[in-house]
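Pasting the structures in now, so scroll down.
You will see two complexes here that share chain A, one where it goes with chain B and one where it goes with chain C.
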Partner chain A sequence: MKMYLALLRMRFLYGMQYRVAALAGLATQFAWGFMEILAFMAFYRANPANFPMEFSQTVSYIWLQQAFLALFASWGYGADIAETIISGNIAYDLARPLDLYNRWLCEMLATRFARAMLRCLPVLAVAFILPEPMRLRLPASPEQLGFFIVSLLLGTCVVTTYSVLDCLAVFYTMTRINLVFAMISDFLAGAVIPLPFFPEPIRRVVELLPFAAMQNMPLRIYSGHITGSSMYQGVALQLFWLAVLWLGGKWLLRRSLKRVITQGG
Partner chain B sequence: MAKLYVGFFLMHLKSQMQYKTAFFLTTLGNFLTSFTTLLGVWFIFDRFQVVEGFTFNEILLCFAIMTMSFSLAELFARGFDTFPRILGNGEFDRVLVRPRNTIFLVLAAKTEFTRLGRLLQSLLVFVYVLPRCGVVWSPLKILTLVLMVSCGCLLFFGLFLVYASFAFFTVEGLEFMNILTDGGREFGRYPFAIYGEEVLKFLTYIVPLALVQYYPLLYLLDQSQRVVDMLAPVIALVFLLPCYQFFRFALRRYRSTGS
Partner chain C sequence: MIQVANISKSFKVAKREAGFGRAVKALFSRQYELIQALDHLSFTIDDGEMVGYIGPNGAGKSTTIKIMCGVLTPDAGECVINGRVPWKDRLPHVREIGVVFGQRSQLWWDVPVGDSFELIRDIYGVNAKLYRSNLEQLTALLDLQELLQTPARSLSLGQRMRCEIAASLLHSPKILFLDEPTIGLDAVSKIAVRKFIKKLNSEYGTTVILTTHDMQDIEALAQRILLIGKGRILLDGSLAEMRKRFDQRKTVVIEYLGELPPLILGMELIEASEGRLVLAVDPHILPVSEVITYLASQVELLDLAVSSISAEEMVAAMYREYRI
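Coming up: the complex of A and B.
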């Protein structure tokens, strides 16, 4: 456990190095958030009755999405892990007295948290003081806020276990197919449009998939679109998929490693 | 020069075809990126049939035009899109000692065929939407469409050039340019007028993306008869001048990283 904590700390400090890049990224995320909200506003004006969430809920959803982009993005992570598999340096990692799967998970989690730490506070701070239709609101109750935090952490873990699967695919393709993985999860997790905007029959299926356990859950809990008993069910769904993806990933890694032949030299 | 470019072009084609699995998977990924955007538009329009007077098919036309301009720019000008890397690893020094125009050499240094995935996507949407969007195609309208795509492509190229120029000062790429390049493509799926007057003004007078998208689209859809709207994409090309000047200015400040 101590070893994993040290790994987490190391990765976290490493991620905190890129402060200028984070600043430049902030400007982009603000502009991006504004444009998203403006587009939804146009649709709201067109037909408020067909809007599946309250407008303020959509606004909160978008700002939180921008603030925690680094936690939930499925692209841009694991390139170094894929590289060790392709180059064969994985042989060194196998010689280390650490469980490889847990180590990867730890490293990716730490990188995500480090990037998110730099970015979320400024985005949230500004989004809270914007003028009305654009303003990010606090959740209605402390209970909702608490569940949001739990769900946020669980969602990040689910995304990360998914990223590990993405890396493991390299064992079979010998090339990175991150983009394919990322596009599927981005769309089904509600990164392109929130899941409530999906047509009804499709939404009912998509809400049961592991992707719904990613950003969809915490963002909708925060904005108050998922409350009460559906909130408990939502967190249970996240726990379920986290367990499945975690065990599945470990199993797949074991299986893939059987195919690995380490040559000397 | 054209012969040289074709030589480079074929070389890139051959080299990228060496890794066929990697090529097809990345192309598929690129297809999927704009496919998810398309699905998003479809789902939204399933719910709201009209936005600001534009119907689903009209929006699809807009989406196809912007996607095609962007993917063409990315296909050919990828060298500028990955410019920070070329600067960082010293490859740019090699470009400078060659007896040809710098911009030409950077353009020729990289052609990203995996972007064909996105291009294919826009072609498919065009095939679907051209007979269905309600436009009566006359020679003038076809010319407008061609101008929108070609000038749009050049405009994105100008933005890549600005992005590359910034890299001379920072060596790292600057993420904020993404809002204009990737953002221009993503938000360009809807006519820029729906984002409100301020955004439209900015995209008309400062970074003229609306000139290759919104105004000529009005002409195509018979919502405007003005010649100036039809020729707006050509006017947008004026934007390339400051882009080019900025690149020249930045180039003079260049210092090799030494690696």
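Coming up: the complex of A and C.
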């Protein structure tokens, strides 16, 4: 365990190094958040009856999404891992007494948390003091807040196990196909528009997919759109997909390692 | 104890000729070539041996090392190292070995070398006392004091290589695999590294397997040489034994005026440039005195030197003899 903590620490330090990137990211996240809220505001004014979430819930959803973008983004991670496969440096990683899958998971999680650490506080601070109706509100109950935190961590783990699959694809393609992975997941995870806005029959299917176990669940729990027993079901769905992706990824890595060829001599 | 028996490994390599037309064609139908990197390779290495593993480029040296390190899985054959099959019992196996891949880096690029060392310490679970004493020794012997606070990216190749070697030894491995460890080292560092490896072997009984193209490394370190070519072991013996076989040959270097003299039986051209000629001579066929007489009759000799053949030339001769 100590070795994973050490890796976590190293990655965390790495992630904290890029302050300028964090500043640039922050600017984007504010701009994006405001734009999205303004667009939804226009829809809401046109016909509030047709709006599947309350406006304040949508606002909370958007601000939290921007604050924790680094935890949920399906792009921008794993490039260094893909690089070790492409360059053949994976030889060194395999010569270490570490389970490669756990190591990757650990490093990616550390990078995500390090980036999120730098970015979430300013976004949250501003979003909490904005004038209504743009203000981010606290959740209705402490229980909701607790479940939000649990669901947030689970969601991050689900996204990360999904990114590992993206890295594994490199064994077969020798190039990153990250864009494909990111496009599918961003749309179906509710990163573009929240899942409740999807048309009825499609929504029901999409809400069962692994992508719904990523940001969809914690953000809707926080905003109070998912409460009570659906909250428990939601967390159960996250646990289910986490287990599937984890085991699937481990199995796929074991298979891939048999055909490792360590590029470049 | 390392036992390798009948290991085979082949790679599928995509091939095409250079050029735009060929590239377009390769989009639709790709040609693969099966490269037999290792072909029923077998050898045994005892504990505490220091073995030089040599062979021309592409002979399969690195592939063998990677199989012994548990990185690659062979297509067929067996390999047992200290009772374990590397690719099956990878985790317990790699805990006991150290590896340096000369052309790669195991140091984290953006942080000081010392941080990388500490991470490696934690990965192997080296206890604080052992780590401190190992680090002290390595620092003294490889002259790392100045380098530990420097980020890996700011080191020169030779400085980095010394750190890489140290990084592979922090956990006191029983077996050390060195895949071209002296690339890019200056003369002083090379000698330091060789001395260090020797000490490691004689004092701690560490088994060392070394691949290199630097024959001086081999002369300085290897008690035993394995020659590999086309995926097979061609020769297995000590440098002295190999010398006995090839030592008869002498190198004759002359500086001369006049036309390049025609070579006669027993002479082999090694190098010829304007006014300078390097020959390998087999004294069984052609005594050295006759060589000198012959050369003197052909050209005006300005300078002449006769010496035993170098390890480098001996190996080149072996490669030629085995057509590898």
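Basically, the second predicted complex is superposed on the first by the 260 of 265 C-alpha atoms of A that agree within 3 Å, B and C clash if a C-alpha of one lies under 4 Å from a C-alpha of the other, contacts with A are read in each partner's own complex, and residues count from 1 in each chain.
We adopt the following convention: a contact is a pair of C-beta atoms (placed from the backbone, for glycine too) under 8 Å apart; a residue touches a chain by one contact, two chains touch by 3 or more.
Model, not experiment: these values are computed from the prediction.
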Looking at the overlay on chain A, is there a clash between chain B and chain C, or do the two fit? fit
Once both structures sit on top of one another, what is the angle chain B-chain A-chain C taken between CA centres, to the nearest 10 degrees? 90
Name the contact category of A:Lys258: first (chain B only), second (chain C only), both, or neither. second
Of chain C and chain B, partner touching more chain A residues: B
Once chain A of both complexes is superposed, is A:Lys2 in touch with chain B (first), chain C (second), both, or neither? second
Closest pair of CA atoms, one in chain B and one in chain C, after superposing: how far apart in Å? 5
Kindly list the residues of chain A that each of chain B and chain C touches, one partner per complex. none
What part of chain A is in contact with chain C in the complex they form? 2-3, 5-7, 10, 13-14, 17, 87-92, 94-99, 257-258, 260-262, 264-265
Would you pull the chain C residues touching chain A in the complex into a rising list? 11, 62, 66, 69-73, 90-92, 94-95, 97, 99, 101, 103-106, 108, 110-111, 115, 118-119, 122-125
Residues of chain A defined as touching chain B within the complex: 20-21, 24-25, 27-28, 31-32, 35, 38-39, 41-43, 45-47, 50, 52, 173-175, 177-180, 182-184, 186-187, 192-193, 197-199, 202
Touching residues on chain B, where the partner in the complex is chain A: 19, 21-22, 25-26, 28-30, 32-33, 35-37, 39-40, 43-44, 46-52, 170, 172, 174-176, 178-179, 183, 187, 190, 194-196, 199
